Structure formats: C-alpha cells, structure tokens
Amino acid sequence: MTDSVRTQTSQRVLGLHAVFVYVFFYAPILILVVFSFSGDRLVGRWGGFTFDWYGEFLDNEQLTAFHDGAIWTSLKVAAVSTVIAVVLGTLAALSLERFRFRGQRVFDALLYLPIIIPDVTMGIMMLIFFSEAITFADTYLGFEFAKGLKTVVISHIAFNISFVSVVVRARLAGMDSRLEEAAMDLYATRWQTFAHVTFPQILPGVLGGALLALTLSLDDVVVTQFAAGPGATTLPVFVFSLIRRGVTPMINAVSVVMLVASLLLIALMLLADGLRSVADKSS
Amino acid sequence: MNTKLWSRLFVALLALTLIAAACGDDDSGGGEVACAVGETDGDLNLYNWSEYMDPDLLTAFEEEFGVSINEDNYDSNEAMQPIISAGNSGYDLIVPSDYMVSILIDNGDIMPLQKDAVPNLANLADEFASGLPFDPDADYSVPYQWGTTGLGVDLSVTGPDVPETWGLIFDPALAAEYNLEGAITILNDPRETMGAALKYLGYSLNTTSIDELNEAKAIVADATNRVAAFDSDQYDELLVSGQAAVTHGYSGNFLVQFFEADDPDQYTYFVPQEGGTRWVDNMTVVADAPHPCTAHTFINFLLDAENGAALTNWNYYASPNAAAEPFIDQEVLDDPVVYPADQSKLEFIADTGDFEINFSDAFIEAKG
Amino acid sequence: MTAIDAPEARQATPEFEALALRQERRRGFLLALPAWIYLFLFFAIPFGIVVVYSFATRTSRGGVALSAWNLASYERLGEDIVRNVLVRSLGLALLTTVICLVAAYPFAYYMTTRSTRVRNLMLVFVMIPFWTNFLVRNYAWRLILAEDGPWNTTVDTLGIDSVTGWILDLPSWIAPDVLVGWMADVPEPLFTKLAVVLGLVYSFLPFMILPLYASIERIDSSLFEASRDLYASARQSFLRVLLPLSMPGVVAGSILVFVPSLGAYVTPDILGGGKEVLLGSYIVTQFGTARNFPFGASLSVVLMIVMLTATIGYFRSGGRNL
C-alpha cells in the first residue's frame, strides 16, 4: 500500500516536471504568437492588435509564391531529404547493429562525422565541393547542372542520414534479437522477419529519427546558405538575410502559420486514427 | 581503433580530392562577351543586401526588358564572398562594399565592366566616377549607394548636449558622466570596432602598425566592461526599445528606425568628430555570370536619374548619382545623417592583406 | 549477443557455416551500401577538401594557396587565444549537456509510462516549437530575458532574487566564485553566460529527449518492476537497472547535445551579446571576417578528430556493458 502511494507521488512529481518542460518549450512560442498580432514593427514593443503582418506575409511573393517561394522551397527540401535520409539511415543502422561486415568500423566512423562537424565547416565544404563538381561534370562528363534546390537537398540528406541512424541505433542497440532469431527458426524469411518482427519494434526509433531529420532540415541556415544557388532560398535563409534590417512581426506571423498548419495536420492524423480504431472495434 | 583502415581511407580521400582540385583549377575564363546597350541574355540572378532594393524598380525592369529577376539576399560581405569566390554560384550581379571589391578583383571573381554598354555611367558624380581607392579607374565596379558608420544616441538618457566623440564608448569617465554603463552596443565586426578605437586614438583605421593596433585593443578590452552587447544586426532596435543608449552602427539603419519612432527627435546619429568609416556598396558583374549582358543592362537601368532617385527615396542611403539629385526628396538631401557635411575625416576600410589576421585576433583577444 | 561473432564462428566451423558467415557479411554490407556510397560521394569527398585546405596557406587576399603545403595552421592551435576559447567552450557545452540530461531523463521516463497515443502526442509536442524559425525563437528569448521582461518579473514575484542575493552574501569559503558569478546574473540574465546556457539548453533539449525516449521505451518494464519486487529501493533500481539499460540513449543524447553546443554561434551572439567567443564563433570568424580558410579548416579537423575518437570510444564502451 505504501508502495503504491509512493509510486503515485513519484508519478505526480514526474508529471509536474513534464509540465515545467513544456512551459519552458512554449514560453518563447507564446511571446512569438502574441507579437505576431502587434501593430509595431519592432518585435517586443506592443503596438495594438492587428492582422496586418499576416496580410503582409500573404502578399510577400518571395515567401509565398507557389513552387519557388521560400516556404514551399523549405517544405520541399525538408520532405524529400527526410524521406531519403530515413530510408538510408535506417538501413545503415540495421547493418551496423545486426551484421558484421568488412569495413564496418570505417563506415561507423564515417557515419558520425556529419554529426560532429561544425555547421560552417560543412557549409564551406559543400560550397567548394559543388562548385568543383559543376566544373568537373561540365568538362569531363559532359553534363551541366547548377546550384539550386537539388544541391540543398543533397546536403541536407548528407547530415540527416547520420542523425536518423543514431536515433534508430539507440533503439536497436541491445534490443532483444531473440525474437528475430525465433522468427527465423520458425522459417520466416529474412524479409518476413524484418517486416513483421524487426520493423514494428524499431518503428518508434524510425519515427523519432524522421522527426529529428524534419526539424533539422526545416531549421538549417548555414549549410543551406552555402549549398543553395539563385532562387533556392529556404525560409530560414530568407529570415536570416533580414536580420540586419530588422526582423518584423511578419516573420512571427509566418511561424504562427506554420505552427497552426502542423497542429491541424496532427489533429487530422489523430482524427483518422480515432476513426480507424472505432471502425476496428465495430467490425 | 584500426589504424590501417583509417590510413587507407585517408589516402583514398586525399587522392580523390587532389584530383578534384586539380581539375577545378582552370575555371574563371568564361570568354569575353560584348554586350550592346539594352541587350539581355536571360533572366537576372541578383545577389544583394537584404531590403536594399526597391521591389518596384525590379518590376519596372522586368516589364521594360521582358526578363525576370531572381533576387537573393545576404547580410554581410563575408557571407557573400566565399560563395562568389568558389565559382559556379549562378549569380550575375552582386553588390559588395569597397574593400570587398578590391579583394574580388584580385581574386579574379568579378569581370571588367563593359563601359560601352552602360552609357548612364555619365550620371555619376565626379567623386564616384573614378578615383575611388578600391577600384581607381572604375574598371570593375559601379557605386550603388553610400553611407557612414557612427553612433546612434538616445538623447533622453544622455541629455541633449552630448559630445560627438568616440569617447562615449572608450572613455570611462565620459561613459559614467552620461549614464552609459551597460547601455552601449558596438559592432561585432573586427574592422569597424577596432577602426573606431583607432580613430579615437587618432590613427588611421587602416593601420598596419601592430603597436597602434595593440593600443586600440587595450581600449576595446576596457570598453567591454561597459558594453551590453557586440551586435551588428539589432543595434537600432536595441536603441529605440530603450535597452541601449549609445549604439555603434550604419547610418541608413538608424534613419529608418528613427523615422518610425514615436518621437524622432529623441534620437540622433552622428559620425564622431575624430572621424569614422565611410563605405560605398558597388554593383559588380560576377566573372562566371551566366547572363552578363542582362547584368550590364540592369546596371545602366539603375544609373538612370529617376531610378537612382527612387532607390534613395526608398532606402534612405545616399546616392552616388549626380543626375538623380533633382528627383530625390528634399528632406533626404538636407538630412546630415544621409549626406554628412564634413567628409574630410572619413575613411574607407581597405583590405590590409596579411594584417587582417591581426585585426581579427586583436578583436577576439579584446573580448577576453 | 547480437550477431555471429566472427573469429569464434570460424574456429568451430563446418564448411557451410563459413559460407553462411560470408553470406551474412555480404547482406550486412549490402544493407549499408546505399548510405556508404551516399556519404562517400557527398560527405567524405567534400570533407577531404577541408582536410586538404588545412595544410594550405592563406594568401594575403584571403584566398587559399594549394601549392604551399605546410603545418602552419596546426601550429597556431597551440596559441593562448585558441586555448582560452576552447576551455570556455568546453565548459559551457558540458554544462549544457548535463542540464539537458538532468531535465530530459525524468521527462523521457515519464513519457514511457503513458499510453502509446499520449506518448506520441508528447513527442510531437516536444518538436513543434522547433518548426518555427530558430532566429525568431532566439529573439523571443531575448524579450523574455530582457530588463523588466517576463523572466525578471517571475524572479521578483517568486522572491528568487532574494535567494540569489542571500547566496551572494555568503562568505566566499562557502560559495565559490563560480557559483556567485552565475547567481549574480539570475535577476537580469540577458547578455550573460547564463543566457547563453539557457538558450543552448532550449535549442538542444529535444536532441536529448528523442534518443533517451527511444532507448528507455524499449526496456522491458518487467525488469524494472522485478527489481522493485525484490525490494530494491527506487534509487537502486534506477542506478542498477534503468540507467545501465538506457545507457545507449544517454550516450547518443549527450553527443547530440554536446557537439552542437560546442559549435553554436548564433545563440551566444544573440543572447550572450557576442561577448563570449566560443569555438563555433571562432571557426565562423576564420571562414568569415578573417578569411583564413586554412586555419578554419585545421580547427575543424582537430575538433572532429577529438570528438570522433571520444564518441566512438564512448559508444563502444557503452555498447559493451549491454
């Protein structure tokens, strides 16, 4: 009895701690949302309630133009780089945790490099690499390409693979492999074992990795700035170029719109999930 | 760890990179192109400072010449330069400041101007048409806008009779007298800030004397105790939001900010009497520009008298365009912040070559 | 035991087992191959350029002369200025990592005690703030930490300032200088070290929560319960069961926080007022205003060698305990 009381108290303390963590996470977000409605062009000085910044944001071609506006560019880069990085990163994690092969240690080391490289260094090296690669492709391989969206995506995948694989490996490491062995003893093929045993088990890790990759890609300035070419401006790069002349509440408005959009997306997914489970029960 | 594998990987990498580097060395070239007046050879890729270009001018150009303009922005010369110097950037036209122009020329990153394609060069004021130290014969660059670096002051903190001196930052007694403890921001830029200190001490801001630089380092280090922040981006906001009373920064930024303040007279901007930095941003065509002719046509378009005036009326920086003056708002022309009366003590920042490293180190050491 | 251990298997072998081993190896290699090729092309080769640059020379115009190979950039690493920057950065990054770990562990553990749906929601709500722009987030923190801002008001109303004041008044043999230095900044943290650490913790906390959650979640909760049933104290079962089993997550999270903290430069500039030159800013300066690419490259290379050795060593030792 005392034991369950103790568990309850500790659960409560843990819950309280979680609330604190969320307050910490959302305090600046609250400020950000509030000032997106402020009439003053200075973020931090309240200038009366207004929707003007949202209007200005919608009117801003550089941001909202379909296809080549900064917002669309950001979303495209984030989506493509996350999907590719999740596939490659998960495979890499599996091969490292579940197999032994020649060159494994070097591969292991190579996989950590993108995580520990400073942003600027990675940016500079991608810059020089693409510039040389363009010349090389043009002179020796006879095809032309230019810096732009593709080069940004390529660089984002390069760092995201590693982040995904670290998170997936944290999940795989020491995960009971007897289940997999049992499945194979029962004549499941490699593929069946993966699809029905391994994958469901590592799914939380894969999703976590995907979330991390998406976030990193949506937030990256430095590498993008160096890898991008004309017209491939992502949202963070656009915002960064504004800081000298002052970041107006318009940027807050952009952030709020993205927040609301992601919340709607999550609500939609929950709804779909709820409907599905209701359907499952009734059938 | 397995050293054999490591060294094998390293050697393989080195070899590949050397091959890549060797192949890449023979770039630049591009071949000479001759452009006619008003000729276009595709859409323009413009790489410019943020909020420096009137969007209406871009639209006007697009309509007149039937090409579209792709504008990307940077926030410092140093952010732009590596991208251009690496080559194959895809950009046609860039707007580097004075010292950066000389660096880009020496690196072969920008192409000589085809003056025949830019008849409106005749509109430039004499002092900008030639003889600028970074490009004496104006072979590569065309001035875009110019301004100064100085101090923005909140008069409600210091009182109206504030002395126009760098001593507000560097003289502890003066800083105490005007309540500036913890209310100062200075630029987070080695050349500007060491330059201000050098000017205060009576030296040239392009000094290559290590002793003079060390003196400057000592007073910057001392000022660090009174400084709230080293800031190159938000100093104008910090000033008008009351978080700082004396801020070191660029003229045009202050002007825009003061203009929108509740009481514009509460603030003032000046270049201290000891002198300070004067800068010019210039249009230059990138050496491997995909569309050099459109770039030249665009330069010519901006040098047009009315277009040049429209630019100044939009961004509040001074225009190098003499023909534009009749079209510039009188209040801008009369504003001593935009057009300072005494320019004798102003200096351009020049590239000091190997000495740049000393500036950079001194600045970091001064911060402690 | 996770997979076939090579030498052992070879000793005990009938022939087809050797064949199976080879097949196993080929499978593993094939799985890794796509990522191998990708990273080789788009990371290893570009990184080779950085390594090459670190042996090159800065031209007087700030270009890179590839012909004059030398170790000058590496020799500069011994200078006082580099050591100062390094010590300061290591300290701040370590502090950030420890705070993140302490804050994230109970949070991640709490998540695992919830139902699957709540867990997923909690996880997503950790990430959502980071889908806003990071610059805007930093500026929001500036507002929070500014004079008379929400932080200041909270500290005043809760009376925290009197607590810090009390600590400040303690005789110096009880409260060490370091503590006093930090405490003095509590009421008005903007443009101090405290603000930098706060900003870094904010930015990188999710990087700690994600791997921690992933590794605690897979621990068989019956193990923990069993240890409690056997009358282990909460502390014992945490230290002997939960913590060791979640070590891979702790290690992964610590690296994901420590490394970017060391390289951060926007947060120290915006919240710290650019007064503390940290390693990240120092490297940026070399590639930026100093236009000293070779030195920037050598700094990066040495940093990465040290971090890589530490990371791999850490992981391998952490992995063995399983």
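Order as written gives the chain letters A, B and C; numbering starts at 1 within each chain.
We adopt the following convention: a contact is a pair of C-beta atoms (placed from the backbone, for glycine too) under 8 Å apart; a residue touches a chain by one contact, two chains touch by 3 or more.
Because the structure is predicted, anything quoted here is derived from the model rather than measured.
Novice: Using the contact definition from the top, classify how the chains connect: line, ring, star, complete or other.
Specialist: It is complete, because no pair of chains fails to touch.
Novice: Taking contacts as defined above, which has more of them, A-C or A-B?
Specialist: Most contacts of the two pairs: A-C.
Novice: Using Cα averages as centroids, what's the distance between chain A and chain B in whole Å?
Specialist: That pair's centroid distance is 35 Å.
Novice: Take the average of all CA coordinates in chain A, do the same for chain C, and state the distance between these two points in whole angstrom.
Specialist: Comparing mean C-alpha positions, chain C is 17 Å from chain A.
Novice: When you check chain A against every other chain, which residues touch at least two of them?
Specialist: 43-44, 103, 109-110, 124, 128-129, 132, 240, 243
Novice: Counting only residues that touch at least 2 other chains, which ones in chain B make the list?
Specialist: Residues 1, 9, 20-21, 76, 79, 82, 234.
Novice: Out of chain C, which residues touch more than one other chain, so two or more?
Specialist: Chain C, residues with two or more chain partners: 44-45, 47, 49, 139, 146, 287, 312.
Novice: Please give the residue numbers of chain B that touch chain A in the complex, ascending.
Specialist: Residues in contact with chain A: 1-2, 5-6, 9, 20-21, 23-24, 27, 45, 47, 49-51, 70-76, 79, 82-83, 86-91, 232-234, 236-237, 240-241, 253, 256-257, 260, 290.
Novice: Looking at the complex, which residues from chain A come into contact with chain C?
Specialist: 3, 6, 10-11, 14-15, 17-18, 21-22, 24-29, 31-32, 35, 43-44, 87-89, 91-92, 94-104, 107-121, 124-126, 128-129, 132, 154-155, 157-158, 161-163, 165-167, 169-171, 173-177, 190, 201, 204-205, 207-208, 211-212, 214-215, 218-219, 221, 235-236, 239-240, 243, 247, 251-252, 254-256, 258-259, 262-263, 266, 270, 273
Novice: Which chain C residues qualify as touching chain A in the complex?
Specialist: Against chain A, chain C makes touches at 1-6, 24-29, 31-32, 34-36, 38-40, 42-47, 49-50, 103, 106-107, 109-111, 113, 117, 120-137, 139-144, 146, 150, 202, 205-207, 210-211, 213-215, 217-218, 220, 228, 234, 245, 248-249, 252, 255-256, 259, 262-263, 265-266, 279-280, 283-284, 287, 293, 296-297, 300, 303-304, 307-308, 311-312, 319, 322.
Novice: Of all residues in chain A, which touch chain B in the complex?
Specialist: Result: residues 41-45, 62, 103, 105-106, 109-110, 124, 127-136, 139-140, 146-148, 225-226, 228-231, 233, 238, 240-246 of chain A touch chain B.
Novice: Can you list the chain B residues touching chain C in their complex?
Specialist: Residue positions touching the partner: 1, 9-10, 13-14, 16-18, 20-21, 25, 76, 78-79, 81-82, 85, 103, 106-107, 185, 188-191, 224, 227-231, 234, 243, 351, 353-354, 356-357, 360-361, 364-365, 367-368.
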